[in-house]
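So that you can tell them apart, the chains are marked A, B and C in the order they are listed, and the count of residues begins at 1 in each.
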Amino acid sequence: MDQLSKEQIKKLIRSHKLKDNIFEILGLILLLCSLLVLLALIIDLSTDGAARISKSFLTNFPSRFPDKAGILSAWVGSTLVMFVTAASAIPIGIAAGVYLEEYAKKNLFTAIIEINITNLAGVPSIIFGLMALGIFVYKFNFGPSILTAGLTLGLLILPIIITATREAIRTIPSAIREAAMAVGATKWQTVKHHVLPYSTGGILTGIVISLSRAIGETAPVITIGALTFIAFLPNAPISTEAPFIHFDWIFSPFTVMPIQMFNWVSRPQQEFHVNAAAAGMILLLMTLSMNAIAIYLRIYFRKKIKW
Amino acid sequence: MVIQNGKTDIKIKAESKNLNFYYGTHHALKDINLKIIDKSVTALIGPSGCGKTTFLRCFNRMHDLYVGNKYDGSLLLYPENINIISSSIDPIEVRMRIGMVFQKPNPFPKSIFENVAYGLRVRGVNRRSQLEDKVEESLRKAALWDEVKDRLHGLAFNLSGGQLQRLCIARALANDPEILLFDEPTSALDPIATAKVEELVTELKNTVTIIIVTHNMQQAGRVSDHTAFMYMGELIEFDRTEKIFTTPGKKLTEEYITGRFG
Amino acid sequence: MKSLGYKRSTTQYIREWCIELFLLASASAAIFVTLAIVFILISESIPFFKEVSILIFLSDTQWTPLFANPRYGILPLLMGTLVTTGVALSLAIPVGTISAIYLSEYAPARLRETVKPILELLAAVPTVVYGYFALLFVTPLLQKFFPSLPGFNMLSAGLVMGVMIIPYISSLSEDAMRAVPMHMREGAYAMGSTKFQTAINVVMPGALSGITAAYILGISRAIGETMVVAIAAGMQPNFTINPAESAATITAFIVQVSLGDLPHDSIGYQSIFAAGSVLLVITFSFNILGFLVKKKFRQRY
């Protein structure tokens, strides 16, 4: 083979470097484009909907007249549904994560649980809706209620909480467990006094992320038959008269923020689209700020504990 | 148990009889027969992988934390004469009586006070005054009290490596253990901190039986009364420390002591 | 048997045992949910397949379950799903992969740590908001260049879906690329490679299974995505491969029926479970594929 002359090598290197630079710029541009889309989305929603945001928008029920319509029943519904979701998914998710990391033996049963969790994380949300329609609405007769929606979304985010719990627990060195065991702590005492407190940061981050996902979910809630037009509120969970705490709201029909927005988007009138944009702004504000909290929590706890 | 040895009586605190241990199929300890003498320091020495740490961790059943591990034979604790590796004995009860200090300091990410008080809390002690007394006593025994008494409620992580290891010793002492296990306690420490820990070990033997694993032969010579030399999962020789280091009975021991392998 | 003195009380044993049982039950929930999904989809589809033969279901090119003269061919819905997914992937795979290479090989650490969480926000935006964006921002924008584009079309729905899955692809690919050991890169640099050549010849092949797993997750997300297509691609089944037309996907059809008032035991109603079964089989296959690829990935490092 002929040796390349110095000139040819220089030329070759120049062309390689050129390609390298072009690629670097391309990468940067594409990355910025993705971020630009996010920005465009936020600006688009804001310019379309900002004018509609007012106190009455938050305190009015939906209406046939776009300028009188509000999101009162939607945000109340979302709040109550999230309450059920959190109450069902958080304890089960953390318990499952603790079991898999601290208690489970390496056997077929554990492997089956793990495969199921991985698989559930990849099942489309609308399938959860169909399952809930069959089980909660018809088999258990919960109807299209807040309870059904809360449980459905709870199951949907269960894999996220389990995975977050497991990853948080895995960062705790086994020396800590041994130290606790060596002074005579039982397994549960080790978990309660050490494993759970030291993994709080990771678990909390996972919970916030998963709830932000649940609050924006639309498809499964539509599938279980949530109404799109609700002009009343469920009975209040707390009252000033005995017994102070009530649970009849969980069987109440409801609507949630994303469904309200969907309903307005699918109407042909331009005026309703403005309402949709305003509702979208609030929804986006909720999910993005929850994600910001999660990022903050992650950084805060990472700084706090160093192994 | 008491055995006659010339004029003096020697009290035995623990004894392993034909002790075997398996990591899954790997036979890690082979027929270990050894008497641990009460209120004295016994050093376990030998090259890496000889089974000294494995043997040590049998005493407080640390191996029970991981699957596939199997004990065989007996490890008797006196004066009750019970086999602490028997599956009918709850490992947690064993650990309540036999404390351990690990290779690397492993404090809990809690305050200094809570680290030392933890063992008591596990035992259900919650009275503040009782905890305070015991924490002070343990920290004094661990020669750490003067250094930390002003910041008992500060995070333990802020201590230096040597202080952390003494904190871990205090944590173990708070349980009033009958035997204290040390697993290469100074391998992560600088010479000054090492000296302090060694000094502590020598003082503690008046009140507690100590077993210490070390790869440092000078250390074994400095702190121990008895030394056991292990090799390939077997106990090669066990005797008084001076004897092991001056006139060992076995060729293998001599080769190891003189640094010809290991 | 003698006691050791510090005997634990029976209640403590019972408590430990109860707690472990509760934890085990919680972990088993995942199995019950999977079983419930499979059970419901099968049991609710059985009445449907008593009326409609599976052969017709899989071969007829018309899906008109709500018409007076209903026809039940899943192909148009399947095609809608495939076309929107195809559009989404043809945007998300190149952009996601190039972004991943840039972040892993070129970007300074501070830029990477800042940009990655922001990029991941793209996956956190509620899908109904993306639907709005596709219908009322992207479609009007595209219509400026292609005036004949209808108001509902698979192109803008697919593109927006693509943006939505970019972070899935870029984040996971970047993780895989960064897991490639430095000494492998050094080998390439030592021979005079540029970053670009190293990325193409060493990093990408080294991270191949991780990157593939990321693509598979992206595909699976796109297939199951519902709101963007339901809002922006229209709800009329249309057997076409032209992304500029409007068409319904499997998911959009399920939403359409759920919004209506069909009686529980009607065949139109049962058809959503049959459609759901098809969706589950497809995404399930991709999940398994992803699982296998990841398993291979773990063995390598």
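In this text, contacts are C-beta pairs under 8 Å (C-beta built on N, C-alpha and C of every residue); 3 or more make two chains touch, one makes a residue touch a chain.
Bear in mind the structure is a predicted one, so any value in this text is a computation, not a measurement.
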{"item": "Chain whose mean Cα position lies farthest from chain A", "value": "B"}
{"item": "By mean Cα position, the chain sitting nearest the middle", "value": "A"}
{"item": "Distance between chain centroids, defined by C-alpha means - chain B, chain C (Å)", "value": "54"}
{"item": "For chain A paired with chain B, centre-to-centre distance based on mean C-alpha positions, whole Å", "value": "49"}
{"item": "Separation of mean Cα positions, chain C and chain A [Å, integer]", "value": "15"}
{"item": "Touching two or more other chains - residue numbers and ranges from chain B", "value": "92-93, 96, 123"}
{"item": "In chain A, residues with contacts to at least two other chains", "value": "184, 186"}
{"item": "Numbers and ranges of chain C residues touching at least 2 other chains", "value": "6, 8"}
{"item": "Residues on chain B engaged by chain A in the complex (per definition of touch)", "value": "60, 62, 65, 67, 92-93, 95-96, 99-100, 102, 104, 106-109, 118-119, 121-123, 157, 168, 171-172, 174-175"}
{"item": "Of all residues in chain B, those that touch chain C in their complex", "value": "77, 80-82, 84, 88-90, 92-94, 96-97, 123"}
{"item": "Chain B-facing residues of chain A, complex", "value": "105-106, 173, 175-186, 189, 193-194, 198, 305-306"}
{"item": "Interfacial residue positions of chain C with respect to chain A in the complex", "value": "6, 8, 12, 15-16, 19-20, 22-31, 33-34, 36-37, 39-41, 43-44, 95, 98-99, 101-103, 106, 115, 117-122, 124-133, 135-137, 163, 166, 192-197, 217, 220, 223-227, 230-231, 251, 254-255, 258-259, 264, 272-273, 276, 279-280, 283-284, 286-287, 290-291"}
{"item": "Chain C residues within the chain B interface of the complex", "value": "1-8"}
